[in-house]
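So, here come the structures, one by one.
Note that chain A is present in both complexes that follow, paired respectively with chain B and with chain C.
Here is the complex of A and B:
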């Protein structure tokens, strides 16, 4: 009963999101690599003839095994995302009537063109596509998304980006019209769009990719990914329906402010407290730290009533201080950053002291830069927790104008069976910032996870 | 190491103590409505306070509705605000269930009662709790002060929402359980689509026939809800708790472990064993019992009357009211689902139900002018031409008799699939026996949990009926006494 997989709970970090074009493109790229290497098997015997060690046959079988596992894993990871997307796009009544198929049915398409919806919306849409194109081109050319100077070195990449944007705009307009009219030539138009967009990307890819067929496959995947993202995200009415019905705009701004405030407060308090617990000597240090950790044992549910009582008596309902105050410090963060600080060699501390560094400048110049991966990980964890909060805002917010995104999601997930796909769509929209955050901090987190794995 | 462990233990203890001490004390506010001898003394409804107050008086309303009831309530408040300049109502959603609103209501009341709203929408199961809390201004006081005729309300609704003969909430969101069924299946099994089962015995016969004809795998889809269990037993006069089902005095003992309860569970168990029952646990947001009907695995569903519009949209698909109302098997493709509705099949007779649902309570913690203003809004909702939206759009049954005479409502029952379905619930509510209202107790949530657990033990885990009922009864008695002890 797949329709029952409605996100009742606040969306977690693992919640997949469809509207994030970068994530889509990334998974497409990951699949592309798998396919590429699979294709490499075709030339296996001749290439393997020069390898030393294991027999070519065993090597081939081993590789097939590896890629089979990779493909299986990719399916396991992507299937739930696909299912959620199908559920979000399908109107539940028609979806059930069709017998819960593995493709969306009864999608409500918007009657639109690329240019409808106002200037801000057009600019935003164009930016999303441009960023995706730039990322694709630079990635294939072996660069990172901020290394824009590569465009000067290879103007053909810039040409590919510009041509790609024009192609997306020109080829998706007829698709929107065909889908809105329910015309039968929509699949043909989609195919044309994929081919044209793929061709524009090939201009850049053939300069950067390892071989021509790698460029071809990547271009095909880029075409499919871009057109799919544009058609699904900009064409389907469910996203705007969910957005307006839950009035997500102001609620997401509210959540964003709340998240920034809580994350900043926790970073400051955790870093300073961890510094004190690591580098300073004071009486009862161990006992105090144990007290600090003891608060980890008290989940929000335990302290909720008491905190609500306090905050209500302070008259802090419907205010930011009421929302932030109970979370301004985090025992977990202090513990995490302290563990990071303990890894700073005492010699550095001594040397810094000899050079006349005070506490704050040592913290700022040495301790924090040396533990950046840990602090980055904590930033992500704190921001995720703050963004996904439900219980506390629900308790302390009385007025609709102060509701956070998670509260709005909750009001969508109700007994309204006929519109349950809007609730899923809204949950996906609310998950977008989380995914963007994870992508932005991805490298830092991985570095944090593997820090200390190899002793230097 | 040892030092650390001791320190950790100490810190935990300290933290726990701190929480325990700062948790709000349970309030034992004064009883507003009952005198020392149990006779009724209505408090004053400060109607005059509105005249002298600076306008507009702000009224806040807390609710936990979602979907179309939420939208209807907001629209009604907007209409009220537009209709006059003295009072402005702000509707605030405080959660997606009445339980969530109750939690918030209680913690706010403990922290700072002045932050409570002027009106709160809670369930009938919370009635005793609300009255015992002493923060409710009985609507009857305002009705009498404002010369509103109480007999405008259906007698069964009045008795359900009264404690010691005082009506507490003003406006209500009433529903009753009804039987939804698929007329196509009836026709395919050779049954008369216009003759749905009226009693449990007939329900069994129909289910048997549907199963034997191979029309549906498990003909009756049933959510394990305390509400249905209590409705069945109350229909034949079983008192679930002592002291007149809690209506004469606060109950001290559960009394539902009766031969009737045994028979009911045995009946359901037999249906389940014979593969006639499609059982679903009651969890939040679960719609599987609807899906069973939609996918035609089941032919019947017992659900709230409020679900009629959902059933109409969801299951009726593109059918018109004509096709659904006057069912003609030859004119309709029988592979389609054609929804019909019938009164609740009782143990002895059809339609043996009590009204239940949510109700608007006016709180006495607000300044007098806001209490009066809250009553103004309630009075607006009680007028048939305004209250009809509550029936037409939100799906609740008309608690005010005159709503039924509204032309729009009459047309709704004629021309709308949802209206056709809900009509049997309306008739059933008209005839509901005011002497058999829902049991009244402060510990209703515990009672509901225990009954539900007993049903789950028997129907999902194949447990023993005697033991399940005995355990539930003992646990409810304990919960009742705990509630009384704490009050």
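Here is the complex of A and C:
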């Protein structure tokens, strides 16, 4: 495959490749994340260039060094989030010098059971766990989360999901209680929970994983992960406190509606405009396209004052139309979708024309389906930007009850340090939808972000 | 004759359909991009009298006065400071992360996901995280940078750098992945070591990507607002009041004329800086063929 050695060096037999840390390598391979075969490992062009003519020992050392660098960098990148998560889950009282008359928010573990807190929260909690379990089982079985038909082919997967849900509910309940009481049984209960939950997942994994010990490792990881997430996310009172004190519920709903409206509006206007620029003949096309691209030079930061004036004149403060209107069209989106439309083969267009398809039906039946990846990328990027935007809502929202989630975070920062863990918890909650989008649409996001940077 | 020319080149139906398709976008662009900008240019020639009760046309005098005022220069300097703190560091860290993660190792996807993960954080989330991260009482480092006029801008820039790490990483990695393996193999055969290969071959080859990233980061830098409002509120002693922050505050009737001048100033600055970057770097950038 790759060039093996420099001309003046003897070409030796293929060296055995150094094993990566077993657990990680196996779990990654079994999860289907890494598609490299053992042969590709370490003999790719880049690796070959580095390792040519070296002894296996030096190669192993080199590989460990590479992993060490990667781990160190990962620690640096994750440090702010990790440290802040710890901060959210600990009471600020231990940071505060004695004698300050503050009322710190404790990090209580809710002394509740699975069945308290109302039907809605029970259903929501159960749903989150069920989705996580389905994802785990399907992923290990080599499928995607929406390929639910696999459950019919392998009923054992459904059994694992059901058993996993029961196990999580039954075994985490006593942990909540023990943590709330400060009982010393908590570590033992956690261990039991991990073992039981892991065992239920093993039922499904052992059908899908590559080897029995890979299944075992995966089951152990799943047990630890599920129990940790459930206890930290559902047990710690700081999340519910942050949710209620910051009034995040209505704010998140507003942000969600706003995101959907802006994304839908941009999708419609950009697709129509891109269609006109690609498939229709009309005078002054070049000039109009320049008119579109020219808006990229006029970001909201520049036109802020005049736009704020317009919206206030219209009486659109604190309204969805005021929040959406300036973002209802997108030059970037038009450009991106136009690039996609240009890739539609002319033969298809001619054939569709001969078959009597009009422009609207051609757009709907051919152009959009053929450029779905590009449109998907643009949709996700637009949704991310809309959810994350700050300056415009900040400028035209006057009433606290109409604030978006991002704006609401600002009010939490100014509160006293005794409640810092609540503010951090609220920030992490606001980031959750984005994290879910990222996990679900990784590829589309990367394509959208790099659309301007790399050709092709 | 005009009709004949028209019918030879265009179809009236298609033109009308195109107009219909373009109309929504054009309406938004006129109403919320071009008209407001022209408004601002016009407003800049009016000075507010009696706390905004009426305005007097003063021609370009207000532009001359305000664009050379200490306040505008201060805002511009703070914006430039922010850009200087965030952009070079962001570029270098992006390249570092991408080079480290552009390897064929088992589990590399996990590291790539971690390096890209900071794009999950919105500017408000990152600001809240860094506010408590840098808090003297509950923070990890127990430093009081946010209340120190000399360090506040650096502290604000830290959160900006961290938030854009993911974006820089993704863009540089995409560039690295577009470099053909054969080129690097040839360089290896010529006896180039890893460092020389990176500096002499890879980075020049991906220079268009780096230019793109540079322009994006500079524009983001000049537009930074939320991290400043959340972390310092412009303080201490106005040491973090950037241009955008000042513009945001100049929305009252007695200051809107000045705000308009500042907005046009911000437009010119970004235009000039971006234009310069293209003009200077375009010549050195390798676009391949």
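The rule is short, and it goes like this: the second predicted complex is superposed on the first by the 342 of 456 C-alpha atoms of A that agree within 3 Å, B and C clash if a C-alpha of one lies under 4 Å from a C-alpha of the other, contacts with A are read in each partner's own complex, and residues count from 1 in each chain.
Here is the rule we use: contacts are C-beta pairs under 8 Å (C-beta built on N, C-alpha and C of every residue); 3 or more make two chains touch, one makes a residue touch a chain.
Computed from a predicted model, the values in this text were never measured in an experiment.
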Which superposed partner A:173 touches (first chain B, second chain C, both, neither): neither
First (chain B), second (chain C), both or neither touched by A:126: neither
Which superposed partner A:313 touches (first chain B, second chain C, both, neither): first
First, second, both or neither for A:302, with chain B first and chain C second: both
Contacts of A:334 with chain B and chain C, given as first, second, both or neither: second
Chain touching more of chain A, residue-wise (chain B, chain C): C
Partner chain(s) touched by A:444 [first = chain B, second = chain C, both, neither]: neither
Partner chain in contact with A:268 - chain B first, chain C second, else both or neither: second
First (chain B), second (chain C), both or neither touched by A:399: first
Partner chain(s) touched by A:74 [first = chain B, second = chain C, both, neither]: second
Residues of chain A at both interfaces, chain B in one complex, chain C in the other: 3, 6, 92, 96, 291-292, 294-295, 297-298, 302-303, 305-306, 308-310, 394-395, 410, 412-413, 417, 420
Complex interface listing, chain A residues touching chain C: 2-3, 6, 20-21, 24-25, 28-29, 33-34, 36, 40-42, 44-47, 49-50, 63, 66-67, 69-70, 73-74, 77-78, 80-81, 83-84, 87, 92, 95-96, 268-270, 272-273, 275-276, 280-283, 288, 291-292, 294-295, 297-299, 301-310, 325-326, 328-329, 331, 334, 359, 384, 387-388, 390-391, 394-395, 406-407, 409-410, 412-413, 417, 420, 423-424, 426-428, 430-431, 434-435, 438, 442, 445-446, 449-450, 452-456
Complex contacts: residues of chain B adjacent to chain A: 3-4, 7-8, 10-12, 14-16, 19, 22-24, 60, 62, 65-68, 70, 90, 92-96, 100, 104, 107-108, 110-112, 115, 117, 284-288, 290-291, 294-295, 307, 310, 313-314, 317
In the complex with chain A, residue positions of chain C that touch it: 9-11, 14-15, 17-19, 21-22, 24-29, 31-37, 39-40, 43, 96-97, 100-111, 113-125, 127-133, 135, 137-138, 140, 162, 165, 167, 170-171, 174-175, 178, 181, 184-185, 188-189, 191, 194, 197, 208-209, 212-213, 216, 219, 222-223, 225-226, 229-231, 244, 247-248, 250-251, 256, 259-260, 263-264, 266-267, 270-271
Of chain A, residues touching chain B in the complex: 1, 3-4, 6, 8, 92-93, 96-97, 99, 286-287, 290-295, 297-298, 302-303, 305-306, 308-310, 312-313, 315, 317, 394-395, 398-400, 410-420
